[in-house]
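Below is one structure, written out as structure tokens, with a few remarks after it.
Going in written order, the chains are labelled A, B, C, D, E and F, and every chain counts its residues from 1.
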Amino acid sequence: MKKIEAIIKPFKLDEVKSKLSELGIHGLTVSEVKGFGRQKGHTELYRGAEYVVDFLPKIKIETVVPDHIAMEVVEAIIASAHTGRIGDGKVFVIPIDEAVRIRTGERGEEAL
Amino acid sequence: MKVKGVMKKSFIWAILPILLLIILTPLALGAETPEAQPLHTIDKGDTAWMLTSSALVLMMTIPGLFLFYGGLVRTKNALGTIMHSFIIAALISVQWVLWGYSLSFGPDKWGIIGSLSWFGLNGVGADPNPAYAATIPHQAFMVFQLMFAIITPALITGTFAERAKFSTFVLFVLLWATFIYDPLAHWVWGVKGWLRELGALDFAGGTVVHISSGVSALAAALMFGKRIGYGREAMPPHNLPFSVIGASLLWVGWFGFNAGSALAADGLATNAFVVTNTAAAAAALSWMVMDWVLKGKPTVLGAASGAVAGLVAITPASGFVGPISSIFIGIGGGVLCSTACNVKMKLGYDDSLDVVGVHGIGGTWGALATGLFASKAINAAGNNGLFFGNPAQLWVQFVAVAATWIFAFVGTLIILSVLKVMMGLRISPEEEIEGVDISAHGEVAYSGFHTK
Amino acid sequence: MKVKGVMKKSFIWAILPILLLIILTPLALGAETPEAQPLHTIDKGDTAWMLTSSALVLMMTIPGLFLFYGGLVRTKNALGTIMHSFIIAALISVQWVLWGYSLSFGPDKWGIIGSLSWFGLNGVGADPNPAYAATIPHQAFMVFQLMFAIITPALITGTFAERAKFSTFVLFVLLWATFIYDPLAHWVWGVKGWLRELGALDFAGGTVVHISSGVSALAAALMFGKRIGYGREAMPPHNLPFSVIGASLLWVGWFGFNAGSALAADGLATNAFVVTNTAAAAAALSWMVMDWVLKGKPTVLGAASGAVAGLVAITPASGFVGPISSIFIGIGGGVLCSTACNVKMKLGYDDSLDVVGVHGIGGTWGALATGLFASKAINAAGNNGLFFGNPAQLWVQFVAVAATWIFAFVGTLIILSVLKVMMGLRISPEEEIEGVDISAHGEVAYSGFHTK
Amino acid sequence: MKVKGVMKKSFIWAILPILLLIILTPLALGAETPEAQPLHTIDKGDTAWMLTSSALVLMMTIPGLFLFYGGLVRTKNALGTIMHSFIIAALISVQWVLWGYSLSFGPDKWGIIGSLSWFGLNGVGADPNPAYAATIPHQAFMVFQLMFAIITPALITGTFAERAKFSTFVLFVLLWATFIYDPLAHWVWGVKGWLRELGALDFAGGTVVHISSGVSALAAALMFGKRIGYGREAMPPHNLPFSVIGASLLWVGWFGFNAGSALAADGLATNAFVVTNTAAAAAALSWMVMDWVLKGKPTVLGAASGAVAGLVAITPASGFVGPISSIFIGIGGGVLCSTACNVKMKLGYDDSLDVVGVHGIGGTWGALATGLFASKAINAAGNNGLFFGNPAQLWVQFVAVAATWIFAFVGTLIILSVLKVMMGLRISPEEEIEGVDISAHGEVAYSGFHTK
Amino acid sequence: MKKIEAIIKPFKLDEVKSKLSELGIHGLTVSEVKGFGRQKGHTELYRGAEYVVDFLPKIKIETVVPDHIAMEVVEAIIASAHTGRIGDGKVFVIPIDEAVRIRTGERGEEAL
Amino acid sequence: MKKIEAIIKPFKLDEVKSKLSELGIHGLTVSEVKGFGRQKGHTELYRGAEYVVDFLPKIKIETVVPDHIAMEVVEAIIASAHTGRIGDGKVFVIPIDEAVRIRTGERGEEAL
């Protein structure tokens, strides 16, 4: 099994989720993160002070999938999260040793 | 680059009128005529109540309305939405002192506008102006009315939320106040205003404030178009407690709005106070029941919106109807406005914060209901409505409603069309996605990590 | 499925009384009698102050109390807690106009209840009712009292927080107001009420408002049982700034509550204003010192709670004691109420937001302290307390306290027992874990990701 | 261990004076003299307005100022910042009743301080004191002035934010109120105070409240030193909506502050109300324009700060100038204060929440502007300023400003130096990094996970 | 070493933490996430609008443990996070190459 | 490629970021977490109630880097996040199978 971890622009979440649902991915976990990368941040102004904020809001999507569909899932994320502008984010693939469904105790791909 | 260029241009358009305000100021300095000691007719109790009421009505807008509205938008637009109301308070306060009050309440021209002879509050001093209020300083009447002139455009911004260009907004507010609000106020409340002459009853601003803002918001919703993602994406309120605080401050402040409109601390003010509270309550309950029955759950936002709808509906009637009538007016407000908001989705325009549904519909219902429930037993200076034997009043009310609808709708369309050509109405899609807080103001509402 | 079924049933129980309110309304329409022009005895200054005070007291409940309470609960229950106070404002506003005021202040029956002859405010108009307040419109007295009738049940909801069924809550409020609050108000303040006749001193509602709500909360805490996880899990306040805002608005609004109870803008009102402020301050400091000494840190919630405790304690005494006495009363309030809250944990009932500790104990202390510190030098219409040579007064105060404790406790137990059988008191464990915001209202307080 | 030890020691220093307050109380009990019935000269309208104004001015501090300040700090210090204002309200309320009022307004000693003969409000009752206000109860004047005594030290805490030791803060407030504020108030407003005798015009507290707090904050900023990370790390406001709510409540409450300073509900109060509003508006616009022009974006915090700066600037002038002058005073306030805040960064001291820039500079501008724009046409009891033909007034104003600057600066330095030696000014670096909420108060502002 | 990553229902956090403490796990890191899976979301109502919210609040627990107790830890989490109702969540096991304690520079299992 | 996952004290974030930038790390993702470990929590007081809060605010930094600089990055984080006091946190190294840049579709080390 692989964990696909994608860092995307927040407003793309719904699109990515729909695309993954179409692919038959029934489970994913999402969190709010801040990203630092090539995309330039913005300047914030508070009375005298000016701050350059490099950390931009991003969404991290994590979904664990069977090995054989991993690349398909990666492609689906790329297709749906793509805007072509800097800051679109990354997709990482991470090996997973085991997965268990807490409710039933099912293991491995059955647990996903 | 293009974005930058556009910004610069519109920047000038927005700064210019503010500079204009400043430039006009010295002209007005001559107006600062020696104030005679107030005549002995000033009543201290009435004056105390009018100053209190003026403070309450300002509190309705800042922070009341900006919390009600600010809580309903998404986090990324929270500050921009708050800024709308806050800057309107500043803009109109200066506009009103310079020319707004004169256009609204100054010596009449042809029944449709005041003249500029009170420019810079020339002659508007501590002495009462008995044509408006015989027992309080003229300036107390002026500043009370100012607070109405502030809240009205602020109400409209519910439709500007999350997408309007800030510079366009600034200019719109000044134009709208001058060309729509000031004439309307003159028609209804100004000495010799044509709707006043006609006998239209509007105790505290059903037409002038609520219909005009609701209808202008409709025009604005059509001109602005939908927010990116509207109808596809969820756009839930980011901070509902803020909205309920806002609704509560509106409720409390509305006592100044309606009971203050008696211009005295007397029985009429007390009656207005009581019916205002009762209608708000009845409408909050009826909207909640509507939600409960139709959607399965009594929502908090529904109850809060209901209270506001009831307050809107009772506004024109508050000096003319009794407590029991106010329950009916409140229920009508709750039921009609909640229905209007439910229907909106199908009509396809994006009235982001339901200004049309609450103020347009609620104000119209209230103005007509005044023609139904008004009673000379409550206010001898008023008139009877249909239910008290005078069907003619309903017709007069209808004329006032229709005139306000047409004038505000067409006027707003014209102003926005001009501004659209001149400087554009909306921010760019990138800015809209980033949110107006960062893109227009360079600030975020809630900063950094919670761990900081 | 079962959940659905239960919801439907209780849904009807909650909607029914609201419909009842609506159905009763037309009956009251006949009551809308022509209002004579107010007599010349109306004092504009007094009226201005009473309208202001009424607005201030409403502000205590919405948004004051709902912020104080709403900040103390967990995020998932924030809206539900806010809704309690907000909907009570709506429910009681209608109840009071229809029958509540009449039951409380209408012509006496046997010293224990008002008659229904003022149903729908029949005869309650712009003319003063000299038996209650000779210089303000009768409706101004009525609406001021309404605000007290609103905040009292709202205080109780501190114990309903995070677990009460919304439909049960709605019905409870109407029943409690009608069968507990209205009679109590009549006993203490109604012309010919038995405690008033007895000479019990309660300037602004120590028994009627604070003891009654605190004791009813105790009964409710026993009937409701503990929240899931109580004692095991941490349940820290989700938004303490909200709570301190709430406490501050309570403090500010309390000037209306206590100084307004003078029913005039005079020296007595000023005295009440001063002692109210002083007692709040002394109690805030003393609770803070208690925390500092006993727990090692001066807590913010302690200071805020202390202020409220001091305000509660001074309430019955505010028209009868001077500033120095008020420091003692405040210190007593802070020390006793903080001790009560510390002890609660050991008593084992779950009074979620400490209504018993603050209002029950603080109100009891205040009512008795009135019997200690009252002085005819402050208010000739009052009486001297123990420290000013009249031990009898303390006994009278004790009788009033005891009567209120027993009546409110037993009455609330009965009402809740009936409701428990009829429709259940609590939401299901699943709903409780999910939080009342989503489960009962279909809303969340703070929406979506911060990045939106 | 050391931390613990230090805490214990400072703990005692902070508790002691609070205990002192308590111990002094019984001494004052004798002061509670029988109050004669108020003389007939009490005007109910004036009294209504003064009670309302007092409530409004308290609302400026709690919750107004603590929201303005609390929103500007980082999350981890939100409660600590809120606590400053809240506890000051409590501390000063007791201090004022015991000795503060007497020192400020009691019978004069050498033109520089009041005597202690009004200790415990001895002789300060329901009868008017015609030397201060002939138509309201003396206690009404006293409690109105109390609210000024509360907000002034609260303003200073903008510089204490995020690093001051709580026990030091408590002691500082009591010392500063007693040794700086009370004398200053006596100089300017007390009968026979030397600046009053000199003819300095300060309608509502430009010197006493704003310069004194701004200058003391400068001294404090120098004594405290910079926050850890200042200049290196971003320290953005954690909750800007709170700050804008705060600014709005300050705006609304300031009507009580300035119009209340007329001590009557008359034409002068109305004039003060109008110019207060106008100056706030003009300053909000001008600060916004400054930001827009210099930084490229109109900021929300800029507009809010501008409003406050305008309110500060108009304060001393509000009873002496007309609406058009107030536009100039407002614009001056906005431009000067925003410039001061921009320059601060280069001066290198860490005035965390810009007390110096807003209150110090704004107050100084306002006091001098009073010497420019004052006009006997507005207030015959005042004087003309430079622009109305009386250059001498500007000199008098300058003297008042200089005296206040020197006295407050040196006095604050002395007090803080003593406290530094006695108990230390700052929390430890570990505590500062953890945040004062947890380290000093054992609480967090926003608790737990959003999922709870 | 293995990283055990568990997605659980928020109100189960205290129970899971106690259970892990009993097992001798002295370090873990927790974050707030939103989960999408078989468990149905709820409907939210805001004036005219009705939204079906599929993303439900969940807690993610991460703890890095020596290989030999990995499965024991997984079982402990399952036991303590289990309610038997849909939405109980998942446990994933991920291989870890190295761990370092910042304070001391200790490496490997000593760092945990 | 390796993912370096570091749990650090929040106030150290800026320092760690600067250090990583110096090393030429151009992308990282940061999230707010709560940590439970040897570091003692604090006591919170709310009226009657006293809670010992063991979960302390921490920052999680994630950065995916080429294998050959992984240990250098780990050292850099240790150096910059170190205070020597308990609670400084941990660094974990996790194997990564693949990385993709959404904007361009680049794969592997080029995507970082």
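One rule holds in what follows: contacts are C-beta pairs under 8 Å (C-beta built on N, C-alpha and C of every residue); 3 or more make two chains touch, one makes a residue touch a chain.
Since the model is a prediction, treat every value here as computed from it, not as a measurement.
**Q** For the homomeric pair subunit A and subunit E, should the interface be classed as same or different, according to whether the shared residue numbers exceed half of all numbers used?
**A** The interface is built from different residue numbers on each side, given that under half of them are used by both copies.
**Q** Looking at A-D and C-E, which one has the bigger number of contacting C-beta pairs?
**A** Contact tally favours A-D.
**Q** Find the geometric centre of each of subunit B and subunit F from their Cα atoms only, then give the gap between the two centres in Å, rounded to an integer.
**A** The separation of the two C-alpha centroids amounts to 50 Å.
**Q** Where the centres are mean C-alpha positions, what is the separation of subunit B from subunit D, in Å?
**A** 33
**Q** Could you pull out the residues of subunit A that touch at least 2 other chains?
**A** 11, 31-32, 34, 44-46, 58, 94-95
**Q** Residues of subunit C that touch two or more other chains: which are they?
**A** Residue numbers touching two or more other chains: 43-46, 48-49, 52, 234, 236-237, 239, 295, 297, 299, 301, 442-444, 446, 449-452.
**Q** Which part of subunit B faces subunit C closely enough to touch in the complex?
**A** Subunit B reaches subunit C through residues 43-46, 48-49, 52, 56, 74-76, 234, 236-241, 244-245, 247-249, 251-252, 255-256, 259, 264-271, 273-274, 277-278, 280-282, 284-286, 288-289, 292-293, 295-301, 303-304, 307, 322-325, 327-328, 331, 375, 377-378, 380, 446.
**Q** Quick check on the complex: what are the subunit A residues that touch subunit D?
**A** Residue positions touching the partner: 44-51, 53.
**Q** Going by the contact rule set out above, which residues of subunit C touch subunit B in the complex?
**A** 7, 11, 14-15, 18-19, 21-22, 25-26, 28-29, 31-35, 37-38, 42-49, 51-52, 54-55, 58-59, 62-63, 66-67, 70, 78-80, 82-83, 86-87, 89-94, 97, 120-121, 125-127, 136-137, 139-140, 142-143, 146, 166, 239, 242, 437, 440-448, 450-452
**Q** Spell out the residues on subunit E that touch subunit A in their complex, using ranges where they run on.
**A** It is residues 2, 6-8, 31-38, 54-55, 58, 60, 74, 77-78, 81-95 of subunit E that touch subunit A.
**Q** Under the stated contact criterion, what part of subunit B meets subunit A in this complex?
**A** Touching subunit A from subunit B are residues 229, 232-233, 433-434, 438, 442-444, 449.
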